[in-house]
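In the two complexes that follow, subunit A is the common piece, with subunit B as its partner first and subunit C second.
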Partner chain A sequence: MFDFNLANCLTLSVIVFLVGCYGLLTRRSLVMILLSIEVVLNGVNFSLISFNHFLWGTREFGHYLYMLSIGVAAAEAAIGLGMAIVFFRNYRDISRERASRLSEGES
Partner chain B sequence: MPPVALALLPVFPAATALILALFGRRFNHTLVGLVACVGVALSFLVGVGFVSSVSGGAESTYVLGSWLSTNVVSASLALRLDSVAFAMVMLVSGFGFLITLYSIGYMHDDSEVARFFASLNLFVASMLILVLADNLLLIFLGWEGVGVCSYLLIGHYWKDQAVPLAAYRAFFTNRIGDLLFLLGVAFLFAHFGTFEMHAIATKAAGLSAESVDGNSLAAWGALLILGGAFAKSAQAPLHVWLPDAMAGPTPVSALIHAATMVTAGVYLVARLSPLYALFPQIRGVIYICALLTLVIGAVLAVVQFDIKKILAYSTLSNLGLMFLALAADSPGAARLHLFGHAAFKALLFLGAGSVILAAHHEQDVRKLAGVLKHLPITRAAFWIGCIGGVGLVPFLAAGFFSKEMVLEAVAESPLTLGSLVVSGETLKWIITAVEVLSAVYMFRLLGYLESNVPGEAAKGRHGHAPHEDSLTVKLVLGILCVVGLGFGFISAPASFGGSGSGFFAMINGGEQMPEGPSFLHALPAAIVALIVSTLTFRVFSNASKRKALLRRLANFPQSSGGPLATKFFFDVVYEAALFAPLRALGRFCASVVESVAEGGFELLGGAGQVGSALLRLVMNGKIQHYAAVLLAAVFLMLLLLPGR
Partner chain C sequence: MSELALNNGLFSASATLIVLFSLLVVLARNPVRSTLLLIMSFLPTSLIYVMLKAPFVGILQILVYAGAIMMLFTFVVMMVNPRPEENELGHLPGADPAGTRRIELNVLGGLAIAGIPLIIMVRSAAANLPLGPEHPSEFGELSSISKLIFENPMENPLTVSFELISFLVLVGIIAAINFSRRDPSHKKGTP
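Our next item is the complex of A and B:
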């Protein structure tokens, strides 16, 4: 049932992607939201690897793309976490509700 | 001079105008004036360089390039210098230079000299384009240019409330004329197939009056162009702007509203005189309007108290005289009077400027009474100018021979308009009678200024009598005195033993000077003018006699609405027939625009508010809403991907 083939790998990648999306939409902490974004990205990355392995096994372009994407994701995560820390320092709170009321100013 | 130098003539003053407009504020007053003088002087010198080619009878043409070129219409940017244009170039650049030089002294205290001199230079450039262009379209460029500069310069003292109105008046009256002019150009093009003036004149000269349909396009074109010329040269019924134009600085009145710009209409009609020779009916129209202007100018000049207004109405009268010569199909006489008038009227205006300067901008002759005693050079200028203006003495008076020549021309050309026919002799006597009034207004002015009892402005301030202290003012007045005197000599016809034929031939493109008036012919009118002048002068220069006369005149029933007070009802008629309806129309349009615009803007504002309210619903600042929208969009795009 769980053969190692393209269809199953892509299904796994979609499931990871959807899990990430679910987290993105439902988590209340900004850190968890950031984490969910990483999960979404990894779902996409997994599809890249799968395509490369099953359709074009002799070359490794998919892996390069995957590493690029990881690098971008790392940078993005660093920025996102930085923002979350600043946000926490300012408001003693990193919930999405507080973030939605940014326009209202301090406290 | 190579023909290419023709282009330099207008370019020099235009360049200095540009320099002054851009950097003039940083220069000091004298430098501004000097730059302006240099521009005009260079033009004058280049013009002088053409004297040898022109005196040989040659014409120089320089084509800068093609302007319009289609299957139907073609016009080139061509400058053409024949001896007629050469004389005008000398007049414009020569007087332009002298008056610019004069202005350095006159405008010394002004705070906006850069704008003044830039406009003055631009005026000279436009006027040079006007006289050099052979192409009616290019003439229109110069025509508009001088109109704009005239507007700018009339409005120079814009802080005074009445001044902008005077400037508007001049501008709008000229707009009417410009419209007619442009229509006329189109009609002439439709008939003759060319914009070139000399080509039109040549073609018209080849026709005879009998063979031409009086209702043709050419006739209507000639009539419409006449409308433009009437506005520019202030002929009734489009004369109303000229007296108001005296609101500008006095040198401007001398250069633009006496010597050069107002003669542009005369110049144009004289150039096209073979065309007008074909249509006696149109010349009848010129006769009527010019006679009207002559009378209005002469009569109103007698009752004015503003020194510049007196001169302005006298200018009107003299322009009427030039148009009378044109109506009599004698462009030569018109041009001769144009030059003579420029000589004495510029002198008078600049003299008036000197008086106004010495009296701290007082213009009322009653207050200026006796002021000339303190101003020797101005005094000489006024005497020479007044004698020249009345045409009192042959040789010494600039206007004597030119006026006689106009009268001679009129005497030979009857007025015909519809069924109205007036013989030339009758016209001549009417004009002679009106011209006697010129002796009255000129010597009334002179009498006031030479009065034995000084007026309040002539007593001076702080114990100082009025005095001439500007060097350039005195210098230019001196030069113009010589010009004014000299003109009487160079315009003298052979019948007086004079040598005017050379000058006459030059300003008229080689045309021979007519026989000229015999001395006996001119004698009676001259004697009458002399007697009237002497009487007027003696009465007005003596304060007690003057007061007695004015008291007696005051007994005449002269209601405030009389013809003299309302300038022969022109203002009243224009107010009722034109301005009141126009104002009502303007108010109506304004109210319509206001309500429509107001409603429109309300609508726009409402739409903006609704739109922003809708957008606010989406832009609620909740991060996960944004994320949800983003993901929804992604899935939507996935669904829309072309599937297999």
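Our next item is the complex of A and C:
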């Protein structure tokens, strides 16, 4: 049973962040890498809201930062997934090994 | 049951679910399953947001994250349709499974070396911080947030930066449309 306090909320956010980093470093497909970035962003957003609740109780600056963050996440997802689709159309493969050999041309 | 015990129980259950689903997102071999599991991990997150007196943010988490962004991911996964067995490192042509296991263990060890001191530092720092003042009665509701962002718009820097985010999303849309446009000289049927 975990107490509902700032230390536990921040621990949860760090754990989610690290899980996302693990996915970022071990998955191959570009879509899965973008999905891991979403997990990382989720952990960061969680820390923003918990700081706002426990330490800065008068105004909602943390909520405001959360809204900025999901705006950035939406733009990033749109651009990244667009790139993944173009990449798939050209090479029939969205692995990051293929992406690191772009200079070799089509094959 | 007192409100404190209820909060602790809900927080424990939601935190366990969030960590479990996030781990499954990262470890699942099928991308469609990963996407749906990430949506599942957003639901307990929004429950904790409501407990943190941020009901509007909890609604945004469901509507925008789970509803819009993750649906975009689901559609792209279905269009691209990556085969599940190609998504792990060991299924590269010519890769050996032992090397893959070694890479994964190295990443895990590096994250543990970086993460465990980080968690200890965060916990000890958070235990010593003074708690903030009491919340006003409308804290976290839409009226209060909009008052924070749009009150006195000519002199409020938050208004400008909030409107600039809409430009960022517009640039993202234009870039995505530009990516997906086909080259006019492209012959049909050739890759």
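We take it that the second predicted complex is superposed on the first by the 106 of 107 C-alpha atoms of A that agree within 3 Å, B and C clash if a C-alpha of one lies under 4 Å from a C-alpha of the other, contacts with A are read in each partner's own complex, and residues count from 1 in each chain.
As a convention for this text, a contact is a pair of C-beta atoms (placed from the backbone, for glycine too) under 8 Å apart; a residue touches a chain by one contact, two chains touch by 3 or more.
Predicted model, so just to flag it, every value in this text is computed and none were measured.
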**OP:** Quick one: name whichever of subunit B and subunit C touches more residues of subunit A.
**Re:** C
Subject >> Partner chain in contact with A:Thr11 - subunit B first, subunit C second, else both or neither >> reply: second
**OP:** Give one of first, second, both or neither to describe whether A:Asn52 is in contact with subunit B, with subunit C, with both, or with none.
**Re:** second
Original post:
What is the contact status of A:Leu25 with respect to subunit B (first) and subunit C (second): first, second, both, or neither?
Top reply: both
Original post:
Of the partners subunit B and subunit C, which touch A:Leu102 in the superposed model: first, second, both, neither?
Top reply: first
**OP:** State which residues of subunit A lie in both footprints, the one left by subunit B and the one left by subunit C.
**Re:** 21, 25
**OP:** Quick one: which bits of subunit A touch subunit B in the complex? Just the residue numbers, please.
**Re:** 21, 24-25, 33, 96, 99-103
Subject >> Partner subunit A, residues of subunit B touching it in the complex >> reply: 620-624, 627-628, 631
Original post:
In the complex of these two chains, what residues of subunit A are touching subunit C?
Top reply: 1-12, 14-16, 18-23, 25-29, 31-32, 34-36, 38-39, 42, 46, 49-50, 52-64, 66-68, 70-79, 81-86, 88-90, 92, 94-95, 97, 106
Original post:
subunit A touches which residues of subunit C in the complex?
Top reply: 4, 7-12, 15, 18-19, 22-23, 25-26, 31, 34-35, 38, 41-42, 45, 48-49, 51-54, 56-57, 60, 64-65, 68-70, 72-73, 76-77, 79-80, 82, 86-89, 92, 103-104, 107-108, 111, 114-115, 118-119, 122-123, 126-127, 129-136, 139-140, 144-145, 148-149, 158, 161-162, 165-166, 168-169, 171-173, 175-176, 179-180, 191
